[in-house]
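There are two complexes below, and they share chain A, which is joined by chain B in the first and by chain C in the second.
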Partner chain A sequence: MQAAEPRFKQRRLWQFHGGIHVPDEKALSNGAPVEPSPCPPVLVLPLQQHIGAPASPVVKVGDRVLKGQLIAEPRGYVCAPVHASSSGTVVAIEDRPIPHPSGLSAPCMVIETDGLEEWADLLEPLIDYESLDPGVLRERIRNCGVVGLGGAAFPTGVKLNPGSDHPIHTLVVNGAECEPYITCDDLLMRERSGDILEGIRIVLHLLGARQCLVGIEDNKPEAIEAMRLARAESDLKDRVEVVVIPTLYPSGGERQLIKVLTGREVPSHGIPAQIGIVCQNVGTLAAVADAVLRGWPLIERYVTVTGRGVARPANLKVRIGTPANELIAQCGGLKGDLAKLVCGGPMMGFEITDTRIPIAKAANCLLALTPAEAPDPGPALPCIRCGRCADACPANLLPQQIYWNARAKDLDRVQDYNLFDCIECGCCAQVCPSHIPLVQYYRYAKTESWAREQDKRKAEQAKARHDAKLERQERQERERQAKLRSKAVKDKPAAPAAATTETGAGTAPEVDPKQAAIEAARARAAAKKAALAEQGLAPKNTEDLAPAQQKQVAAAQARRQAAGLTEPAPTPTETAAPGPKAAAATEEQA
Partner chain B sequence: MTGVVVSSPHVPRVNRVDRVMLQVILALIPGTLVMTWYFGWGLLINMALAVTFAVAAEAAVMHLRGRPALSTVTDLSAVVTALLLAIAIPPTLPWWLTLVGVLFAIVVVKQLYGGLGYNPFNPAMAAYVFLLISWPVAMTTWLPPHMLTDHPLSLVESLQAIFLSTPPGGTWDAISAATPLGEMRNQLGENRMISEIRQSPLWGDFGGRGWEWVGNWFLVGGLYLVWKRIITWHIPVAFIAGMLFVAGTLWALDAQTHPFPAFHLFSGGAILGAFFIATDPVTACTTKKGQLIFGAAIGALVVVIRTWGGYPDAVAFAVLLMNIAAPTIDYYTQPRVYGHAGGSK
Partner chain C sequence: MILAILAIAALAVVMGALLGYSALRFRVEGNPIADQVDAILPQTQCAQCGYPGCRPYAEAVVKDDEAINKCVPGGEAVVLALADLLGRDAPSSDGAVEKPKCVAVIDPNECIGCTLCLQSCPVDAIMGAAKQLHGIIASECTGCELCLKPCPVECIHMKPVETTVRTWKWPFPANRPQAPAPSVAA
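Here is the complex of A and B:
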């Protein structure tokens, strides 16, 4: 390995503010190769495993499904389909507990597997993808249900479509895996580096990007070596660089990794594409390679099952939808004193209370933590404003100020302190000497702010509707008055007697408004006709048309004329010109 | 499993308030020992008294507020306040004045504002100023360092002085002496030249004899706090820089009526203030830029008040003045957040 070092030139790295060093605990689970997990008797597939709308089922209860078969199709653009991860029978489509911080249930497809592992017809491999349109590739990635496997589960097809106004120059590949305990990306890089490189090649082609930077923390030497070897063997040597970055949580955060590798910052409230960068997790790239080169839908992923509360920590290759308790059982079950079960890493994962929750596409880790590993922080003491949180914050926020204002429910001030730039990494809470659950306060404040924003939008819409109504009523009233006036003016010299007899009321103000309106409209039409007649024109009602439409009208007229059907029509410009004049004339009359 | 779902992160917390406070207490030890060496047992007696009063007062208030008393008392913040006040007051101050000061610090300045973390003013300094304004004579009756007196107080004499208010030898005048800052002030007030004033045996290399060594050893404790990352360098360095800048400017303008800048640094409470008092996180600025402004302003104000104000020392006044300004300074010195304008493009 040491001999290999000089081959790679030292790339300049940048630093993000703050960050913390936490014991990485990766040795618990990174010692053995990935083990395939057996097919469970029941698969539970949530219909929403991604950011966006839930997918809608395309199979019914009782249907037999095959491995890789589409069972729920995307609804809307930001959505991903779901595929059966083994063959069997759909036994229910119902609410089941899902891996979500809320601990709530959501619609899931429940498949009783038959153990036959019978494959459905797969999509055609797109070996010659470099000759294909990026749109075709995106469609393939989307149809295979690929979402970001780093944790956010954003549909990859959407992320790979930054639009023509955001030309992409750099693909950043996230192999940092900065969360303690988790080693599934480490193992993936060691075992599937070739596929990751294929994925990189596909995505570089798809995005038209110039270069690719693979960021890996220096606590994963085997993964670094594997990726460097794969790069050296590929023909992407000039475009792909494997960059070793210092181990510092949270350097695997998208924004932090981009800063470390490129020195650039993703704009606040923006996306990396705005600075010409797209970031993908290594697992996502392997899934992209599977989808494009093999036609495989995303039905499996690597999951780390670890923590000192599990008998035999390991990395497993898991069918999406496998219940968590099956994986724990495969790893020898729980042992000793268990403090909590966590889905995801210890810094950003969420505690689960129901071990039947299924592994969804985004689930990278199951953590069984003992009380020594995750001690109860005890009751929070008051904030002493020591500022350690601010020193640790990778977004350079002032966490204690956000906390104070969130506690005071001062949502305006919270935004003054840029709450929404918080990535909820948990650094501030880890260093807080008062053991304040800071992240919880930020989540609360964010939720409250969103709710308030929504209320505000609703109120604004209601106000706009109300204003529009008032305006309409006022306008109608004005028009009515105007009509009445015009009628009175016209009727006076023409037929005052007729008016009285017609209405039978005797006085003008008591004229039926409806009748008056009809009369006024007639009068307007007559006046317009008269005005046009003065210019020797017939009414054509073409004044308000777009030039293109007028051109069409003119062409039709010309054709008609050529056929000898009508008299010559004025050219569009001629009709357009008198329009406003005629209107003005009518207005004056009114 | 606990049954209560707790938000992430699920990792051990690395810091604790009581450990932070304990480090501060440890850091006070060298200066305290040296001060005791020069000025007698009074300091230690005062510390014991102040800590006892402070813990009792804090527990009583927590009891009245219906909050758990034990966890609050064991956070050691009241102990730190008591120790800092004990260091600031004269070593022979009558015990009941110490009690009044501690009650003012803990009950009024700290707990009436909501307890730890909520007080806008530094409790020790507010209590010091309260005592100084209310009992100016008692608060300015200092002992000379032991090498400048024929009769250093014994432990029993110190206890008598504190509890019975009976000075050994009959009168306070016989045993007390002006502090170097007070002496300098008085002499300058009589239009003496610095060169003249410094003839007195009261003076050491930088500041007052004895005093300068107290300052040195508090500096050691302060550096320990920086090393242990209990405090950052920003406030102390800015404090000293602000002080040296103003004192240096005055001295450069007229070295006969303004003492050498190091005199300001090693007399009175400057070092203690820079490392232990201005750095109180609750009442100081929390942004780094803000801390530089905060520290520098205190350092500058100390010299200004010492030179033109009504009291010989000014650390407490300067700290309290800047405590008022801290929230505003913080608001206008927010760091540039990731992804916001002004950074690398």
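Here is the complex of A and C:
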């Protein structure tokens, strides 16, 4: 229906609920072309740069690796491999600080580069991809380690496999880049529009989608022009449309962009594939084109280094794994007062304290903010229930209610208000007149809910194991009782026979062979002991005794004599047919 | 008058019979509330509540009105959940500091392979055999500390579980809204 409209006419756009206007600050860094970043002396490659399981290393410390070589392979379906982004030697596989809000360390592969930039054997380009099965293309995208470069880093091969129950009709390409300061997608669209179009063509073929909508905010005229030109030059004119959307934060959110472009809402707790849409970032599509047409793994990305705390804000083409301080140094270093250093944008990014953290696949921006740009909001004041947060919420939630419940640590109620539909865009906190750090409460409630869920699963597991143990103990006790009973029944008639013929017990069919073996062993031991005693030899372990031990032995002997037991040889009945108690004891030992 | 009394009496007999029958016919095995309480408890089987395990404590809470704040590993979250389920007031947690989550670790240099800890572990998280070095399966250990006491050589220690990037939680915001000081503006 929409595709049938004349393409030169302005497409009808929709509006998502809420959203805010923030100073975009993009002019700081979008003036110059992207500069290649030199190869750093040391690359630090986190083994988990994506949503899902960490990859497992396939090279050892001391190995020489080549540029583009696979160094960690995926473990599990939702996972992505890691490739060396330059040639060099693996010097360590250890925990290093990674770009994460916690500031914690995680396993990383550390490569000392040799500056030779020697390429490994690349995968064969799949030029004729249109004749290939989508599965083969997905496998290629997966093997090249492509993940969503918009920020979430979800493995692209998984996202492009919505399953046969979700036919996809539209590919939405996210070029909105709505966060202030960040311009790397803008520059990417200007410089690599052709590759993005190739990526679109591959993904359209892969998904079997009819149309593609490229959404770009109207504050990026050069990028819009470049994308329109690339579209006009390609043969995808009637399937791809470059749509200019009004600048309104957060129009680059997946759900918000889909709403703006198609008017459709992604279901709560759902994914866009449920309404026949897949959304991909422009950077991801360029990486897909690299992977399929050139066989290049994802080892480089565009990163914006900006903020008024940086001497010369710029966009850099960076090898994944380059430490952040190298990039800052390339941009002239930090200057003046620094309020904080942020990885990501000012709205959704997180503060970093250690500048040695490496650039991972998802890192799109390094932001050095001066106190003037990031003023301290001061202490939070009580909520006055003004409702501005609800007006600004692009996910149509009730931020105030979530806040109250999160503050009361009532995690069930928080989920009743659909906490997990919150995209943490920060609009509510931005408009809050009381400066309440609302997003922090939501993040707290989300991670706490996940932890409780995890604890619950562990508790169930522990209960199952505990029940299994109790059951096993009961069963063993029952078995023991049953054995004792049967033994008692058996022993009564068998006892006199066993006393007379020693071998009779072993050959009798109803006697357990194991039991017979034990009895035979006991008989042998007794015979040996008797033989030794005849020669006047004591057991060997009673030699070289300390006086105290000697005394104990003597006391035990005295007790034994007092009880009427005589040394050395046991009575034949004892040897041949041990009583129920002795049998139980040997069983327990066994 | 007589008729009314008879009618009511007859009704009472019929209803009583019906109730009596349904009590037998639809009898519920065990106590379903105790099941719900048990589901909330962390199942460490640590016996720190004074009962031999989570299930006995759950039954005591339901039957004997035992206090709901005796579960040490459960902490505040369990107390709140139990208060919610049973409609009781949550006793104030008198500033009790929650212990960090720990797992038991056996010192391989000291273990003598006596198997005593094996028998004490409620979730079978210790592997070993007589005169062999024992080991604890960290992912199954509930941190109940029941294995510490039986060990004759005191070679079992509790080690706090390290926070990783995957288990890290955003802290509760420190910047809590404060009530503004009463203004004395004239």
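Everything that follows uses one rule, which is that the second predicted complex is superposed on the first by the 446 of 590 C-alpha atoms of A that agree within 3 Å, B and C clash if a C-alpha of one lies under 4 Å from a C-alpha of the other, contacts with A are read in each partner's own complex, and residues count from 1 in each chain.
Keep in mind that, in the parts below, contacts are C-beta pairs under 8 Å (C-beta built on N, C-alpha and C of every residue); 3 or more make two chains touch, one makes a residue touch a chain.
Note that the coordinates shown come from a computational prediction; the quantities given were computed from them, not determined experimentally.
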First, second, both or neither for A:Val58, with chain B first and chain C second: neither
Touching partner for A:Leu229 - first (chain B), second (chain C), both, neither: neither
First, second, both or neither for A:Gln440, with chain B first and chain C second: both
Comparison of chain B and chain C by chain A residues contacted: B
Touching partner for A:Ala462 - first (chain B), second (chain C), both, neither: second
First (chain B), second (chain C), both or neither touched by A:Leu367: first
Contacts of A:Lys340 with chain B and chain C, given as first, second, both or neither: first
Contacts of A:Phe16 with chain B and chain C, given as first, second, both or neither: first
Touching partner for A:Asp421 - first (chain B), second (chain C), both, neither: first
Chain B versus chain C as contact partner of A:Gln401, first or second or both or neither: first
Intersection of chain A interface sets (partners chain B, chain C): 379, 381-383, 434, 437, 440, 443
Chain A contact footprint on chain C (complex, rising order): 38, 41-45, 53-54, 77, 80, 122-125, 140, 142, 163-165, 167-173, 175-180
Residue ranges of chain B touching chain A (in the complex, touch as defined): 1-2, 5-17, 19-20, 71, 75, 77, 114-118, 232, 281-282, 284, 286-287, 330, 334-340, 343-345
Interface residues, chain A side, partner chain B - complex: 14, 16-17, 22, 103, 180, 255, 259, 263-270, 338-342, 346-351, 353, 367, 369, 373-377, 379, 381-388, 390-391, 394-398, 400-401, 417-418, 421, 424, 426, 429-435, 437, 439-440, 443
Chain C partner contacts - residues on chain A that touch it in the complex: 48, 98, 100-102, 104, 106, 379-383, 407, 409, 434, 436-437, 440-441, 443-444, 446-448, 450-452, 454-455, 458-463, 465-466, 468-469
